[in-house]
Amino acid sequence: MKLDLERVSLEYPNGVRAINQVSCGIDRSERVAIIGPSGAGKTTLLRLLATALRPTAGTLTVLGADPWRASRGELRRLRGRIGMVHQAPPIPPRQRVVTAVLAGRLGQWPAWRSLASLVYPLDMPGAERMLARMEIADKLFERCDQLSGGQLQRVGVARVLYQQPDLILTDEPVSAVDPALSDRIIGELNREAIERGVTLVASLHAVDLALHWFPRVIGVKGGEIAFDLPPVRISDAMLRELYASEMAQVPTQDYQPFETMVPGVRRKPVYF
Amino acid sequence: MAHADSALQPRDPAALPRLALTVLVLALLWPGFSLTEFDPAVLIDGRSRETMGKFVSTFFPLETSPGFLQLVARSTLETLAIATAGTVLAMLLAAPFALVITRSLSISRIGPGPGYWLGRILRLPARFAMMFFRSIPEIVWALLFVRAVGLGPAAGVLAIGVTYGGMLGKVYSEILESNDARPAAALLETGSGRTAAFFYGLWPVALPELVSYTVYRWECAVRASVIMGFVGAGGLGLQMELSMRMLNGGEISTILLVFLLLVMLADAVSAILRKVTA
Amino acid sequence: MRLVHWLVMSVLVAVAWASFGYLSLDLGRLFDREALAQMAKYAISFFPPDLSADYLVRIWQGTLETIAISAIGTVMAAVLGVVLALPAAGRFGAVPRVAARLVLNFLRSIPELVWAALMVMAAGLGPFAGTLGLAWHTAGVIGRLFAETLENASPEPAQALRLSGSRPSIAFLYGTMPNVVPQLIAYSLYRWEINIRMAAILGVVGAGGLGQMLYFSLSLFQQPQAMTVILAMLALVVIVDGASAWLRQRLAG
């Protein structure tokens, strides 16, 4: 297994259990979507996989290694192969887009190259290409605080694409992007995963995006896995129960009511 | 995902301005190094290193002989006295000036009346005098007064009195102007003199602010008194200068320590006073 | 409350009275006829100021020297301040933090003039002593401010970069510095403005610039020359104030 959680729990010092005894395995080059109500633990799960958080119980294996038994150098190299797209891109406001994107490879570049790129960006065509895939190539030299929320999110995705990691994790990467564009972005992420044969784990707010693009969908509720199925086997009732505590409606990217194409017929995901 | 590579690598638009700015800053700083006779070697060259080493080692241990400590204690009291007397002198100077300058007490603004012409004539020169007093650094005043009235605390008191008089005058008038002018205006309109208008109209309201700023200035005066001592105006500063001339590191260390304690004490007293009179 | 006020006031008045007494300062004698006449004579000897071309050239050199002292001193202070601020912000652990903060406090508690006098002892008379004196004191001030800015800076950008495999030092440069550098530059410029004024007077202890010229001319009883120096100091302050106000307006607009 490339990614393996075995009875993993994460308990905060105040006793709250964000993740409760979760066991799950994800193979290399799988594409998995994680859905669930807010507060369910989607972000926590992703951060566990990103080695940002340490489980308080259970074993975690990422890219074939246990990150918390590795040496500092090994952990750093492991992290260089993991790319995380944050919901709110943690980019200093005054930094320019080109520097923010090129920062994706800081884990792989030697020190001199990182320092030099601060003074003069060393791979502008590369950054430009990734931004073009996110449809904001024209913002190459803008300052990040001049961008809208959606544009900033796309810069965050471009950064991870530039990093070319073996494991792509995304935490609600299109929450601020309009529906048509967000569909293309998720498509672009999937394309990247398939072409380079890498693993993609995406937590998504919009259920329709998840069911449309991913062959495997994990529903998370209350720190536990509610279901782990391909979209064809996920019923409306399961979805409604997943989101029961939160809202009357199952969330979608364009806020239209979530509906089956034809009553009684399950969804078919998009495969390439 | 076929992308035609741009024939030309995109050029960083920020590169040229950044380079120009860096070159400009360096060009401006470069002559500075020769102007300041910048020579770090002077601190660490072989010969002076030995003298330096010996000199630095004299800073420890601190000089604590009873005779010296008594001297330091007397100097500290002298510094406190200079600061206090100087601040009082400043207040005596500033108060009448502030009354003249403050527009809310301006009879001339309301119309003709007693003191109309006097007020108009005095206002501008008064402002100018205050500015002159406080623009010249207190240490320059101290130098001048030392030449005029001789070495010792008198020069310090006068220097603080003059400089801080200018500062207090300006701030007093600002405080008085920023407070509600209506009671004073009412009094002026019914014919009372400027002083009466002040005491019954403005004083009660403005007092806390006035006191607070004056106490803060006293705290600054304590520090300034020590510094002015370096040019002969008495107090701890004078003692430190003497110890420096004797190259007596131990005494310098003791005085420095006492200075730091004094500043902390003045800070605490000032904070308490300001809280009590708020 | 009223009673406390009156009590405090009377104590203050008593203290003020005691100060004059302690110093054996007889204000009456200080301002008596003879003393006033002497002071007036001294004051008049300052006019007219010496405005000869030769001397004005020397004044110009002194002014340049003063500005150079303030500029180089502030630059040195910024560098040293940054170096000390990193441990003072806790980047290397608890013990270096305490040690660095102690050093910074020590540096800034000692006034610039005292530092300058100490540096004259160490480096000899002249502008270098003034530069060093300014540098030590200002380093303490800038270092402390920079340490606080660092501690308050949001850690997320650097954390995210470390999470993608970056070395901590590089993550700091890419993630935290961009947030913090503008403030550092602005504060350094502000301190430079203050230091120009300081540099002008440090010279009275022999640390170069206009201050040293003033001290020499007063010691040699050359009052007209001293007056020119004082005028130059005033002019310098006015120009710097005006320039910085104009700059501030330009940048804010």
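Annotations
For clarity, chains are labelled A, B and C in written order, and residue numbers in each chain start from 1.
One rule holds for everything that comes next: a contact is a pair of C-beta atoms (placed from the backbone, for glycine too) under 8 Å apart; a residue touches a chain by one contact, two chains touch by 3 or more.
Please read all numbers here as calculations on a predicted model, not as lab measurements.
Taken together, the touching pairs cover every possible pairing of the chains.
Closest chain to the protein centre (all Cα atoms averaged), using per-chain Cα means: C. Across B-C and A-B, the chain pair carrying more C-beta contacts is B-C.
Mean C-alpha positions place chain A and chain C at a centre distance of 52 Å. A separation of 11 Å divides the Cα centre of chain B from that of chain C. Averaging C-alpha coordinates per chain places the centre of chain A 58 Å away from that of chain B. Shared interface positions of chain A, defined as residues touching 2 or more other chains, are absent. Taken in their complex, chain C has these residues touching chain B: 4-5, 8, 15-16, 18-20, 22-23, 25, 30, 35, 38-39, 42-43, 64-65, 67-69, 71-73, 75, 109-111, 113-114, 117-118, 121-124, 126-128, 130-131, 197, 200-201, 204-205, 208, 214-215, 218, 230, 233-234, 237-238. Contacts from chain B toward chain C in the complex involve residues 28-29, 31-33, 35-39, 42-43, 52, 55, 77-78, 80-82, 84-85, 88, 135-137, 139-140, 143-144, 147-149, 153-154, 157-158, 223, 226-227, 230-231, 234, 240-241, 244, 247, 252, 256, 259-260, 263, 273, 276-277. Across the complex, chain A is touched by residues 1, 3, 5-6, 9-10, 12-15 of chain B. Partner chain C is touched in their complex by these residues of chain A: 50-52, 76-84, 86, 90-95, 99, 103-104, 106-108, 111, 114-115, 118, 160, 163, 165.
Chain contact summary for the complex, chain C toward chain A: residues 156-157, 159-167, 169-171, 173-176, 178-179, 182.
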